[in-house]
């Protein structure tokens, strides 16, 4: 099942540099692991912002929440989740409007 | 180059049925043609709304505007375009945060 | 899987009375059928507004979209869907914060 | 009487860890006690956010405010309360639209 | 129990004059009846707008919804209801902050 | 003359406890004095929020600003003032729509 | 007493030309009469919009509402009223911040 | 040329008292100097808020920005500027709608 | 003097085709005449929307309002004007931050 | 390819003065270098705000994100990017609506 997620990161200005670098590294490793597992199937940077649009392919709402709430950057993020369904015009869906 | 687009369709209540069906058919054919050409690479229905999230892969802003403004449903749509860049954690980008 | 849905109904003023009554009846029958099937598990009226908060228990995003987009009142509605997960403090979840 | 409540939690980044854990524990105990008393009848996590949708069954506005304002996390929360009424299509209400 | 309600009236421009006058008369009679019954305890015009702030004293959410949804002008209104509780500084509450 | 005021209080998390208690006490005393003087005629708690709806009866805009800007909690508040006029359906106004 | 008012005019596209011209003429005559009476003391056009910022000098909220609700264009307007007080830095107030 | 400006002041809670008083004094002197020069022609307090509506009469956009950005309180302010034009109904403009 | 303007065009669905084409032609001729006069110095299409960002170089607020309010499409537009000043980092301004 | 960017700068009040001056200097040098390279083709100050409207001419979304995310002030900014296309009425485009 697919979910669209927008993530906006707001790191406090006074967060010590090394703490920041460590969290960002953990976030990358975590994200790449999920991509290799096929859970995090799209990850795009929103131009000009410390934000991304992502698409997740998971089996349930609960699984998605577990993934997102365990993001190392989670406490510094605003996230918004939109559930996605197949579109009748999507040729991969072999259906039409 | 990738662009994220949200489209919200608002068809007038008093639009004659056959006019409506024809435009929707034209929209589907137009969308499926662009998908076959590799321009419209993702098309997902937003659950519960006559809206979609799409991702386009085109060569320029002008090309994207030409595609969108020629959508049969364009005059009945609200669209919002967000340019996308590669994300350092995207494993396909072989880069990391 | 649970989904929270807000529905705001905006019926056009110039919709003929009998058309209106028929659609509203169809909406009620449709809603009650889904409740009997255990899909539409909560349906509350928002005080003072032609709106409701509902909770659906379905197996997928696609199933929910099919249900919502087939609501007789769908074209006269604004709907917003929020996926729900188990809360660690929910005693039925036998888990804690 | 039923009330729909949205709670968004914003814990300050610089809140000491043990203080945070203690408040969160108190919040869980408080919430579970109210659930056992039948006051807090639904508690769902909003996927991807440190937020919840809840439904309370209480006898008055004042009782609800007392409950909410005594939440251990109250000072770190944004809450919005919406009073709910019976919906004519709710089969439990044995009434229809 | 007290509820704060904001009502914004939007009468269609093309509503025939006599229909308009009749509905407005019915609205006034309905409002004044509820005031005499002690349900509608405050009714103030928002300066410069076809809107009002009102306070209702009713026994339940359901009673309030029945009152509001039966307003002759209801279909031409946007309404927002906020439940009120006693304030600790309200001298009539013989309590303080 | 009547004015509707919404007040939302945002006390900083790191405000020392005793300072907080003192300001809150001063706020209550100030509010109760104005109520006894007939200036602050309604004070209701918005359920679930550290906010209130109030109605003031004063002789001028300037008098209201002096009252509000001297609230002990003023610097920690967001306030919004709406001037009120008599409503033609208000039976106390012995007028009708 | 001074009040700041923003007025946004939205004339329906299908309003017959002569009806439109007549209302606009009446609006001008009404506005100019109030200016001559010293009630409507400032009237500025917001550049690029069919809107204005105005300042009224009247004796009460009720007087202002009577003035505004009798504007010929009132039913085609969105209006927002903000009560004004003397500013301590206003040299005409012979007071300072 | 006239410009409408809204200024909302947000002084940090932890700003030392004497620093605060000094800035506020400087702001008043600066504002009064500009009033005497005929640049800052209207300055009104928004009732209940640490905000004002002002009107400036200057020769250019650049002059206005220089004035505003040199306000002692500028870094603690949100400002919004709206350019004003003559209104056809303004009797001082000897023109009509 | 420079002004930034956003224009969003909303043509009614039921506007007859020939009326629409005529207005759009007039709009283009009007826009191109102003560009030749050096008044309308930038005109860019916002990708995916019937909207544009423009920059005007005019001598006064009044001149800009006259230009904008005489746009053939004016009654079908939402416009928002932002006055621009020289930026200290603009190399053409030979100044720096 | 052209992109419209709005940048709003929010420097923390407690940022040491010399740190602030250094970052602002770096920002200017960086901006002026990009202007000389023809990337940053327009940079205008929004009157009354620590904000600017800019237009960039770059070859791709990724190039723009690299430029923006390396702005010395980036972590203190809110930025919003809008892709621009040629407008049919732009005489430089030798095209018409």
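Going by the order they are written in, the chains are A, B, C, D, E, F, G, H, I and J; count residues from 1 in each one.
In this section, contacts are C-beta pairs under 8 Å (C-beta built on N, C-alpha and C of every residue); 3 or more make two chains touch, one makes a residue touch a chain.
This is a predicted model, so every value here is computed, not measured.
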item	value
Interchain contact steps from chain F to chain G (minimum; 1 if touching)	1
When chain E is superposed on chain I by its C-alpha atoms, the rotation angle in degrees, nearest 5	145
Equivalent of F-G within the choices G-I, B-J or A-B, defined by over half of its residue contact pairs recurring	B-J
B-C compared against B-J, more contacting pairs	B-J
Whole-Å gap between the CA centroids of chain E and chain H	38
Chain E and chain J, separation of their C-alpha mean positions in angstrom	49
Separation of mean Cα positions, chain J and chain D [Å, integer]	44
Junction residues of chain C, two or more chains touched	2-3, 45, 47, 61, 64-65, 81-86
Contact pairs between chains, per stated definition	A-B, A-C, A-D, A-J, B-C, B-I, B-J, C-D, C-E, D-E, D-F, E-F, E-G, F-G, F-H, G-H, G-I, H-I, H-J, I-J
Chain B partner contacts - residues on chain J that touch it in the complex	1-3, 60-62, 64-66, 81-86
Chain F contact footprint on chain H (complex, rising order)	11, 13, 45, 47-50
Residues of chain G touching chain H in the complex	2, 4, 24-25, 27-29, 31-32, 35-36, 42-47, 52-53, 55, 82-91, 96-97
Touch list for chain C against partner chain B, complex	3, 5, 12, 15, 61, 64-65, 68-69, 75-76, 79-81
